[in-house]
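What follows is a single structure, written as structure tokens, with notes after it.
Chains: A, B, C and D, in written order; residue numbering restarts at 1 for each.
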Amino acid sequence: YGKNTIKFLRLHKEGKKHFIKEVEVCAHLRLTSPQEYLEGNNCLVIPTDTIKNIVLVLAKKNGIPSLEQFAIDICNHFMTTFCQVAYVKTYVQEVPWQRLHENGAPHIHSFICVPDGIRFCEAEQCRNGPLIVFAGIKDLKLMKTTQSGFEGFYKNEHTTLPERHDRILCGELFCKWSYGECRDFDFDCIWKKIRECILEAFSGPPDCGEYSPSYQKTVNCIQMLVLSRVSQVQVIEVVLNNTFYNVVDMKNLGLTNDKEVLVPVEAPYGSCACTLGRK
Amino acid sequence: YGKNTIKFLRLHKEGKKHFIKEVEVCAHLRLTSPQEYLEGNNCLVIPTDTIKNIVLVLAKKNGIPSLEQFAIDICNHFMTTFCQVAYVKTYVQEVPWQRLHENGAPHIHSFICVPDGIRFCEAEQCRNGPLIVFAGIKDLKLMKTTQSGFEGFYKNEHTTLPERHDRILCGELFCKWSYGECRDFDFDCIWKKIRECILEAFSGPPDCGEYSPSYQKTVNCIQMLVLSRVSQVQVIEVVLNNTFYNVVDMKNLGLTNDKEVLVPVEAPYGSCACTLGRK
Amino acid sequence: YGKNTIKFLRLHKEGKKHFIKEVEVCAHLRLTSPQEYLEGNNCLVIPTDTIKNIVLVLAKKNGIPSLEQFAIDICNHFMTTFCQVAYVKTYVQEVPWQRLHENGAPHIHSFICVPDGIRFCEAEQCRNGPLIVFAGIKDLKLMKTTQSGFEGFYKNEHTTLPERHDRILCGELFCKWSYGECRDFDFDCIWKKIRECILEAFSGPPDCGEYSPSYQKTVNCIQMLVLSRVSQVQVIEVVLNNTFYNVVDMKNLGLTNDKEVLVPVEAPYGSCACTLGRK
Amino acid sequence: YGKNTIKFLRLHKEGKKHFIKEVEVCAHLRLTSPQEYLEGNNCLVIPTDTIKNIVLVLAKKNGIPSLEQFAIDICNHFMTTFCQVAYVKTYVQEVPWQRLHENGAPHIHSFICVPDGIRFCEAEQCRNGPLIVFAGIKDLKLMKTTQSGFEGFYKNEHTTLPERHDRILCGELFCKWSYGECRDFDFDCIWKKIRECILEAFSGPPDCGEYSPSYQKTVNCIQMLVLSRVSQVQVIEVVLNNTFYNVVDMKNLGLTNDKEVLVPVEAPYGSCACTLGRK
């Protein structure tokens, strides 16, 4: 197979107001015959340069109504135009530009980059198979400073970790879900709703939070809340890359450190992941 | 000289509500004698490990009332405690954690990382000299999709760039200013005000923007606005790392591209910088 | 499942001579029951900290005779010690330290980091299944300045790429192969042999090279040569991340550029990949 | 001032044999008048695009005989061509491509990237001032597994570091030296000689090494050896970014770890630097 990455900016205007989407598109193709590999026969090969042109032309003609619709459009184009394509997957990721505001007023043409979680999507299709749409968020860094512990775990002669009922829970979240074949959705609205579910399940109620007995359980809570609130989601995968913090031992320095000063622990570095679907 | 970098999290509670500062501190020392280099005599050397301990102990005892005050405290500690220190500079940078909100309600212990410009500061002192405080913002990515051009520049036989009166202006901003010796300021409040000045000078009025004839002029506008609005700033340095965007030529593809699809240009990559003070 | 990354250095001495392996180990476990996710019941969970201890203890006790043997040892330990483990995968990657030489003489305790391709391996096992060993090389950057072209590819209205029979072929290679279940091999020796096969298949004979009609065909040549020369390899995967170079058009500058000055093209960025096994 | 970065590959052939230099050039200009900043008057501004063209044309016309000569050529071009230029600095850095060898035979057109220290240089000139040439090496990672300690340092109530007479000394070296105004040198030959001095001073004799009482003393040894062996060097700056390794305490795991298993310590992270010239 082959993959190609293209970065570009799509700008459109409504009156004097400007709207932008800057995206990175990765198209992934597999051909029906491997003859280009085995024989060096290029006659079916679609050059990277052509793929780039197609993506840019589609963006020019249709715009990017939503990331997901754009990914679907690219998939459809390759499947209908090139009979030598056996499989196509399109990944689209957005640069997180947000409109600037001055004293509450939205600016007509100025933007700031705010990377608090990156939105992405995928559309995937095998020839004669259904087109499946995925969406997700990545690089979302979250922290709870309390209401988290880790107790009752398996112990043996290699165990040195003490049990803790009040630790810091910090991590970088990756979350990807499948919409299945149904695709006539308001993708922007659903994405925002799922982002809110993630934040809510991670944090618990604003006035008191909710106790997390492990990273694993927090992963599961996120999945359960999304599946219960957003009916369009078929399957949801969550990966949480953990950053551990240790309370600094200040006894040698003559001080008692009551979880006031902590250092991030670079290693061991862990992550936990789970994929959950509907019955 | 020697430098040391320490990362840690300072957590404090007011009732049930949690407050955090996660910082990276870099302490930079020069000793009065270079004997550790020339003779391998370590008797005046302050180990990295000791510097780390001092920074953590200061954070534990005083907290981090503001980045600037913390940098000043560290400087003062080294100057008053170690007579072998000839020069000390402290750099403090903040991890941009923001409190999470659910339906407008602030969460008591949950945070999200929002890196839309990183706050930093420096305190610097030579023995018998004044303590100078700097502050700044870096990694602030901004874009204007119109109201920017570049015309009337110097031309010779190596010039191939066409003049443009409607281009994209996009860049990553670094801005650092000096407060001089006066240090009894509300550093948090001033920092926020300067950030607003930067955004305003970059963008112009929200309903129409303001024409920028060059990256250089935009740099100058930012400096002038900050100096005029914020009397505590003595000197201000701005560096703008430019990202250029080219309108994709679609003639060969039979299309007219009216500044709708643009690609970022990786090279040449430029930046412009200027330092401006008061008379 | 859960993953953990641990970095450490294993040092051993033979007389006055020092030998080192600095490695990054990633252990990936899946338990027989998902109760830690669903119920927050941690009683079967093996903490990241325990996994770190096990890896370090195994390194202390057995050393790292080869990356592959170390990965196998870790896998075996988890499978035999923990009946709650359903699946284990161990990834081990080496920091490319090389012994320093002075005027041809090897230094007994000094090393230099030479990252010209990173060696890694994997061992993988499901409970009641075979232990499979993989090895590979990554981050290997290679360039041919001639004997490469791309012609006869598929063309349509979106094609703008000209045919080229003398271009630069440059890329970053990832290569991973399976040894199957048989594991009583001289892994170090085989790895070096495969690295030489890769370089030879990429380059062709030193006095004239060999024409490559495409990145894809070069990928296939590498696979074919490894499979033909190294009988222990069962399956081989090669991914080539392409860096394209364009000859700079200097007509506007009054010069003819006969493939003398070229610029790397950042986008589109492509890669091609293929997995090939024995019949 | 303004800066520009340009990456390109210069290829030339002698018979069938190919030679390459891939470089990154950064040109740094300051004009005699700041009117482009203050007034938005661009009439003296040399666009990034023109600077790129000049660099590429010089590479095409003159080739890159050595990095240093190329940097000098660019400086000279800007000073003699543009009377509005008050200051120019050119930084040139090389991608570390090495010719591939097969069974000892050099390949005529194939190369491998071997980043074991990156070569760079600078040429700098103020109008009416001398042209000064610098050269250097960076990203050179070195390790000594013994013959290093740190004892007799300054101690007070914040000291927790134990004295050590047998530790690991590991770091990333940056080294930059000045050739002054004299420039009719064999830059390639001198650079290689200095690299050898650095390795020798870092390591000591191959059969026994030489004890280093501190990072600082090792920095000084490197400087002293270069100044004593290479008469063309006027001033030499060395920065050593330290990576500390801790012997893992395995007492709780029932084992004695005799400096066999060590972990790199991410924080505190230190560096030491010194600049030394001739009397």
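Here are some notes:
Definition applied: a contact is a pair of C-beta atoms (placed from the backbone, for glycine too) under 8 Å apart; a residue touches a chain by one contact, two chains touch by 3 or more.
Remember, predicted model here, so these are calculated numbers, not experimental data.
Over half of the residue-numbered contact pairs of C-D are shared by just one pair in B-C, B-D or A-B, which is A-B.
Most remote from subunit C, judged by the distance between CA-atom centroids, is B. Measuring from the averaged C-alpha position of subunit A to that of subunit C gives a distance of 26 Å. We define each chain's centre as the mean of its Cα atoms; on that basis subunit A and subunit D are separated by 38 Å. Annotation for subunit C: residues touching 2 or more other chains are 7, 53, 57, 158, 160, 253, 263-264, 267.
The touching residues of subunit C, counted against subunit B in their complex, run 157-158, 160, 252-254, 263-264, 266-267. Of all residues in subunit D, those touching subunit B in their complex are 1-7, 34, 36-54, 57, 81-82, 84, 150-154, 156, 158-161, 212-214, 216-217, 219-220, 242, 244, 267-274. Remark: subunit A residues 7-12, 16, 18, 20, 53, 56-57, 59-61, 97, 100-102, 105-116, 140-147, 168, 196, 199-200, 202-209, 245, 248, 250, 253, 255, 257, 259-264 touch subunit B in the complex.
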